[in-house]
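Going in written order, the chains are labelled A, B, C and D, and every chain counts its residues from 1.
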Amino acid sequence: MAERVVLAYSGGLDTSVGIGWLKDATGKEVVALAVDVGQGGEDMEAIRQRALDCGAVEAVVVDAKDEFANDYLMPALKANALYQKRYPLVSALSRPVIAKHLAATAKALGADSVAHGCTGKGNDQVRFEAAVAALAPDLTSLAPVRDFALTRDKAIVYAAEHNLPIEQSKKSPYSIDQNVWGRAVETGFLEDPWNAPIEDLYTYSEDPATPREAVEVVISFSEGIPVAIDGKPVTPLEAVQLMNTIAGGQGVGRIDIVEDRLVGIKSREVYESPAGIALIAAHEELENMTVERDVARYKRGVESKWAELVYDGLWFSGLKRALDVFIDETQRHVTGDIRLKLHAGTAVVTGRRSGESLYDFNLATYDTGDTFDQSLAKGFIELWSLPSKISARRDLAGQ
Amino acid sequence: MAERVVLAYSGGLDTSVGIGWLKDATGKEVVALAVDVGQGGEDMEAIRQRALDCGAVEAVVVDAKDEFANDYLMPALKANALYQKRYPLVSALSRPVIAKHLAATAKALGADSVAHGCTGKGNDQVRFEAAVAALAPDLTSLAPVRDFALTRDKAIVYAAEHNLPIEQSKKSPYSIDQNVWGRAVETGFLEDPWNAPIEDLYTYSEDPATPREAVEVVISFSEGIPVAIDGKPVTPLEAVQLMNTIAGGQGVGRIDIVEDRLVGIKSREVYESPAGIALIAAHEELENMTVERDVARYKRGVESKWAELVYDGLWFSGLKRALDVFIDETQRHVTGDIRLKLHAGTAVVTGRRSGESLYDFNLATYDTGDTFDQSLAKGFIELWSLPSKISARRDLAGQ
Amino acid sequence: MAERVVLAYSGGLDTSVGIGWLKDATGKEVVALAVDVGQGGEDMEAIRQRALDCGAVEAVVVDAKDEFANDYLMPALKANALYQKRYPLVSALSRPVIAKHLAATAKALGADSVAHGCTGKGNDQVRFEAAVAALAPDLTSLAPVRDFALTRDKAIVYAAEHNLPIEQSKKSPYSIDQNVWGRAVETGFLEDPWNAPIEDLYTYSEDPATPREAVEVVISFSEGIPVAIDGKPVTPLEAVQLMNTIAGGQGVGRIDIVEDRLVGIKSREVYESPAGIALIAAHEELENMTVERDVARYKRGVESKWAELVYDGLWFSGLKRALDVFIDETQRHVTGDIRLKLHAGTAVVTGRRSGESLYDFNLATYDTGDTFDQSLAKGFIELWSLPSKISARRDLAGQ
Amino acid sequence: MAERVVLAYSGGLDTSVGIGWLKDATGKEVVALAVDVGQGGEDMEAIRQRALDCGAVEAVVVDAKDEFANDYLMPALKANALYQKRYPLVSALSRPVIAKHLAATAKALGADSVAHGCTGKGNDQVRFEAAVAALAPDLTSLAPVRDFALTRDKAIVYAAEHNLPIEQSKKSPYSIDQNVWGRAVETGFLEDPWNAPIEDLYTYSEDPATPREAVEVVISFSEGIPVAIDGKPVTPLEAVQLMNTIAGGQGVGRIDIVEDRLVGIKSREVYESPAGIALIAAHEELENMTVERDVARYKRGVESKWAELVYDGLWFSGLKRALDVFIDETQRHVTGDIRLKLHAGTAVVTGRRSGESLYDFNLATYDTGDTFDQSLAKGFIELWSLPSKISARRDLAGQ
C-alpha cells in the first residue's frame, strides 16, 4: 500500500493545489480532512467533494463545533485568555483541535504523515506541528506552501493546468481565518500600522458607530462556564453563537494590534470576536465576586502564561495541562449571574449576583449593619508597614 | 511649645470636626494641610481659611498638581497600572503624594505626628500610614474617625455645638474622592452589586449613550510619557487634563467593579478616569510596537505587581522602587505617535507610528519585499516541539 | 453548660499555666489537646495526665504522626518547599495539622473557642489562628501568653502558687520546637547574628566535622513520594524517620539563617532537618530527569509561592489548594530511583534512573547512536535571536 | 580585499582544523581570536602562534579576565544565578564576553562574519550566535563543526594531511570547558546518569572526603560585590581566584545534574565551581540580612528568570538589561561581612554583620530590650485571615 498523508483541507486554493503538489512531491496518497470549527461559509459536503475532485484518495469531514466549544473555548474563557491583553486567541485555539483530528485520522487511515497549508512565517505552522508532535510523535509534518515554496501565483497556474475546480474569479484582498470564536483578517494596506482598519473588514460585528439602542443580557455561569443566557439554558457552543449575534450586533469585539509572533517578528493584526470579548468581560467580573483575592492575584499571572503557551502552539504541553488543573480548581465557585450592557462597541457589566459570592454586605457597608471591627486596622497597618519603617530608619540613618 | 499634629485637611465635615476632636483628644496643636491634586471644587484659599476658623493653629495649602502628574501619574502610565485589570488607582495614587507633604510639613513645622480622616475599613488609612512610616518612621499617625469612633452623626452634632463654618444643608448621597486622574464614588444603593450605576454618579464623563460624532486624537509619547496631543506640546498635567476633556466628552473611562480591598473584604466601586483609561490604551499599543516581546511579556507581571503594591499602600517601599527602575528601562524606546478614536465610551487605537518601531515591514509583509527566510522555521519548530515530543513518547509508551 | 475552650497543650510551663489562666480570665472550661507530630520527648500519656492535674476539664491526645507525614510533609516534599531557599518549614508545617485537630476537638466537645501558647511576635500565632479561621470561622482564638501578657516570670510564680506539677529545675537556655520533620532552636546568644551556632544546639544531627565513612542510600519515589529506601518499602513517616537517622548521622540538614517573619521583622534562626534536606535534594534531581523543562521552570515559581504561603500561615487558603493541584499534576511521572551519598553534612545525588525518564541517551550522546539532527539548530537559532537582532538594528541606528 | 571571518580560537584540534576548513569552504581569510577568560592551560602566546601556523591570516589574543569578572561574574553573583537551582552558568557566562570580542574584532579588522567551534546540539552555539546577533546584527555566524559536519575523526585526518602543529597523542576521555568561574566536564560514561562521577573528573576542587581541618573566611561585600577577603582588599577577579583556592581546597562546588538544554533535550552534566558556590552562599545570606522581605521574595523570581535567560543565550537581550537594573537597585544596601566555614564540600555561613542590616535586635529579641508591641498582632491576624474566613463561611454554607 502506498504511504499516506492527511492534509488539513480548507477547500481554498492553497490546500486544493496542495493535494496534487503533495502527491507529486512525495508520492504519497493524500487524504483530505476538513474540520468544521464554525468557520461558516461553504457547505462541508461541497468541500469534501472538491477534495476528491482535486485528487484526494479520501476526504473526511468532521463536525468539531461542540468539541471546539467545550474543550477549547471554555478553557480559554476560564483562563480569561487574551494574548497581549487583547487577542482572544481565535486561530490559536482552532489549530490544536484540527491537529487532534489530523493525528486521529492519520492513525485511523494508516497515514505516516500530516500536512497543512501554512506559510513559514506565521504562528499556525508551529501550532499544527507542535500539536501533532505532542499527540503522535512518530508522524511527520509537511507544509507544502512553506517547504516546496508554493506561492499563490504558482498555485493559480497549477490549478489552471490541472483543471482544478477552484474559482479564482477575483482574488479577495483579505487573508482570513475564522471560526466560531472569531475572525482574523490580514490585508496589504494594514501592513502599514498607521493605516486605520475600514468597515469592510468586518463580518461578525456591526459598525459600532451606527446609532442603535443598547441591549442588556444576563449570562448565568456555573463553575466558570456559561449555562444560560437570559434564563434560557445553553450549551457552550450555543452561548458563543448567541453572544456573537447579540454582542456582534452592537459592534463589540473588534481588535487592532501590533502583535508579537512566536517566530520573532511583530505583525499587525485585526480581529473580531464579539462572543469572546463579551463573555470574558462577564466571566472576569463574576470571578471578582466569587474568587479569593490571593487566588485572583496569582491567577492573573497564570492567565498570561496560559495565553502565551496557547499562542505559542503548546496547547498539548505538560505545562498547559498543569495550568489547566490550577485554573479548574479556581473555578469551583464561579457560579452566578452577570448582567451585561452591550452598546456601541462596549460590553459593560452593570450587575452581578451569586450564591457563591464572597462579597459580604455587612462587612462592606458603611451603613447600619456594619460588622467590620475597625479597631483591628491599627495593628494590621503597623505590621504591614513595619518592613518599610525599619528600612526607612536604616536609610535615613545612612544619609 | 505644645506638641503638634499635621492633619490632611479636605475642607469637608469630617476633617473640619477632626481639628477640634484631635485637639481635645490629644492636647496637640493642629496644623491643617490641604493638598491640591486637582480635585477641583472649592477654592483652596477658602479651605485654608475654614481650617483656621475651625481651630487650626496653622493652615497650609500646597499646589501639588504638577508634582502629582509628573511623579505619580506618569509612573502609573508607564506601568499601565490597572488594579484587577480595571481600576487606574485614582485614590491610591494621591495618598502617597499627600502623605509626602504631611511628612514634610510635620518636619518643617515641628510636629511629632500626622493625622487623616479615613475610616478603619478602607484602603486609604493604610496608604497614608504606610507612606508616612516609610518617609518619616518616627512620626505617629492618628486617625480620629477610626481611632476615636467619630461617626458622621457625632460630627454633625459637634459642628453645630461648636458653630463650625460647615454647611450641612443636605447630605450628599455619595461618598466621593477625586483628583485629576479620576473620581471614586460610593453610595448606599451601589452596595447591592446587582444594582446598576446611574447617570447621576458621573461628572468627569458624559453619558456614552448620547449620540455624538467620534473624535480622533494623536498622542505623541517620548519614553513612555505623553509630550504632545495633536501636535501641541503638553506637560504631563496638561495631557491628563486635556484627555479628561476629550475622552470624558465621549463617555470614556467609567469603571464598575467588585474590588478586593487590602483589609480583606470585597467592596463594590464605581470610578471614572477618562484620561487614565485613554492614555493607558494608547501607551500599551505604543509599547506593542516598540518593546521586545520578551520584555513585554515579563513586564505584564511587573505591571500587575506594581498595581497591587500601590493599591496596597506600598508606594514608598523598596520593591516599588526596584520595579520602577525596571519599568523605566523598558520605556527607553517607547517614543512615537498613537492615533486614538474616542466614541461612545470606547478609546480605540486606529494607528501607530514610531521612529523606534520594532515592526519591520519587510519581515512582516506577505507581499513583494518579504525578507523573511521561511526555511528557518522548520528547524525552529522541531526544537521548539522537542520537549513535547519526547514526553509524548514517554507518555504513550506508558499506556 | 459552661463555655469551653480547647487549648493546644504541649505539657510545658506556658501551656500548663495557661490552663488556669484561661479559666480565670474567661470563665470557660479548658480542654487540653496534645497532638503528637513526632516531637518525641515525654510520653503523651504523662502529658495528658498533667493537663488534668493543672485543671483541664478534659485532656485529649491525638497521634497525628502518619497524618502529618502523609498530608503535610509529602506535599512539602513535592513542592521542594524551602522558605528563603533554605528553611524546610519545620514549625510552619505542624501548625495547620494541630489547628485542624483543635477545630475538630472544639466541634466534637462543644467548645466555642480555641487557644494556643504563642507570643505576639512570631509566626506561629498567625499560623494557628489563620488555620482555625479557615476551618471553623465561628471559633474564637485566644492566646493567653500574648493577650494576657503572660510572661515566663509570671508563669513560674503562678505555677508555684497553684502547686502545678511542672518541674522548673533549671531553665533550658534554648527555646525549641520540634517534630518529625526537624527542629527549630532559638536562644539568646544567637540573637547576635555574628555569633556562630555551637554543637550543643543540635540533637537530630551529628557533628558533620567528625571523621566517618560516607554512606550511600537509594531512595525510590513514586509520583513524588518516597516509597522505598534501599529497596525496603516505607510509608512516608518511615521514610522521614529513617532518613533522619541516616542523614542526621552524617550531619546533614543544619540551617542557620536570618529569616523574614510574616510580622515584618527579621530574626535569626537555627534549624536542623536531616530528612527534609536529604529528601528534597533527591526529589529535585528526580524531577530534573522526569519533568519537562517548561513545567520545571514554572514550578520553581510555584514552589516559592507555596513555601511563602505556608510560612505565612495560609495552609488552608484557596491559593494553597490551587497550587497543590498544579503540583500534583507535575508529579505524575516523578517515579524512579535516586542514589544519594551522605557525608560530612552533604547530601549529594550521584545517580538517578527512572522508567519515566525524559533523558534520551540517543539524543544526548555525542557518541555512536546520536539521533539528534544538528542541521535543525541553525533555523532555531535564527528565529530565537530574531527579536534581539531586530532591536539591535533599531538601537544601533539610533546611535 | 578578501572577505574575512573571525574565529573564536581555543588552540585545540577542532578550531585549529577549523581555520583551514573555513578557508576552504568559504574562501574567506580567517582571523583567529583567543580570549583569555581564565581557562588556564597553555600559554596564550603559544596559542596565538599555533593559529598562524594553522593558516590564520591574523591571530589576536585578548586578556578578558578582569572584564569577565567585573562585567559578567559580578552580575551573576548579584543575581545568585544558579540554573535549575544548581548550575552557576560557567560556560553560559563566558560565551557572551567572547562573542563581544568576536564582534569587536570583526569590526576592527573588517570581517563580515564570525565563527565558533560548537556542535549543533549544545547551548553554546546559541549563546555565541544570539550574542553576535544582538551586538552586530549584520555579521553572519558560521559553525564549521555543525554546518560542515566536521567530525573529530575528519579533523584528525585533516590535521595529519595538512601537517598542522596539533599533538593528538592520546584523546582525552573528557570534553571540558573551563574558565575562572568553573569547569564543565562531559564524558562517555557519564551519559548513563546512574553512573557516579569519579574523582579523576575534577581539578578545581580537592576530594571532599579527604580528612582535613575546616577553614573560615570572612568575605566583605559592598553593594553586592566582594571587596575584601579576611580584611584584604580584592578585585572581583582576585576574589574569584582566591575563593577557588580556598573553597576548592575543601572540595566545595561540585555539581552533578540532569540539565534542560535550550535545544529541547536533557543532558547529564558535571561541573565544579568552588568560588561560584561559596560566593553565592555568602551573598545570599548577606541579602537575607540587608534586603527587605518583599524585595527578596520578588527577586527570587527575577533570579530564576535571569539564570534562564543567560543559560538560553540571551545575555545581550532587552529583558536581561531590564532585569539587571532591577537587581542593581536591590543591591544598594548589600554591604557587610559574611563569615563562611568551608569544610568537606560544604560552604556554610556562620555569621553575618552589616552597617546596613535590617535585623533589629530590639524588635527580634525575646529578652530585655524588646520593643515589639505584641498587641498589634491581633488586628493583623484578623485582617490577614479575613479572606480565608469569609470563603470558609461560604464554603461551609454550601455543604
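Brief remarks on what is shown
The rule is short, and it goes like this: a residue touches a chain if its C-beta (ideal position, glycine included) is under 8 Å from a C-beta of that chain, and two chains touch if they have at least 3 such contacts.
If you want to know which protein each chain is, UniProt gives these names: A, B, C, D = Argininosuccinate synthase.
Just so it is clear, the structure is predicted and the values come from calculations on it, not from any experiment.
Contact tally for B-D versus A-B: the pair with more C-beta pairs in contact is A-B. Residue numbering at the chain A (Argininosuccinate synthase)/chain C (Argininosuccinate synthase) interface overlaps substantially, since over half of the positions present are found in both copies. We define each chain's centre as the mean of its Cα atoms; on that basis chain B (Argininosuccinate synthase) and chain D (Argininosuccinate synthase) are separated by 42 Å.
Rounded to whole angstrom, the centroid-to-centroid distance between chain A (Argininosuccinate synthase) and chain B (Argininosuccinate synthase), based on C-alpha atoms, equals 32 Å. Of all residues in chain C (Argininosuccinate synthase), those touching 2 or more other chains are 260, 263-265, 292-294, 314, 317-318, 357-358, 360, 363, 375-378, 380, 383-388, 390-391, listed in ascending order. Within the complex, the chain B (Argininosuccinate synthase) residues that touch chain C (Argininosuccinate synthase) are 292-294, 333, 356-358, 360, 363, 373, 375-380, 382-384, 387-388, 390-391, 394-395, 398.
By the touch criterion given at the top, residues 84-85, 119-121, 125-126, 129-130, 133-137, 141, 143, 146-147, 149, 175, 186, 188, 191-197, 208-209, 211, 214, 254, 256-260, 262-268, 284-285, 288-289, 293, 296-297, 300-301, 304, 308, 312-314, 316-318, 339, 341, 343-346, 348-353, 357-361, 363-367, 370, 372, 374-378, 380-381, 384-393, 396 of chain D (Argininosuccinate synthase) touch chain C (Argininosuccinate synthase) in their complex. Those residues of chain D (Argininosuccinate synthase) that touch chain B (Argininosuccinate synthase) in the complex are listed here as 260, 263-265, 291-292, 294-295, 298-299, 305, 309, 314, 317-319, 321-323, 325-326, 328-330, 383-387, 390.
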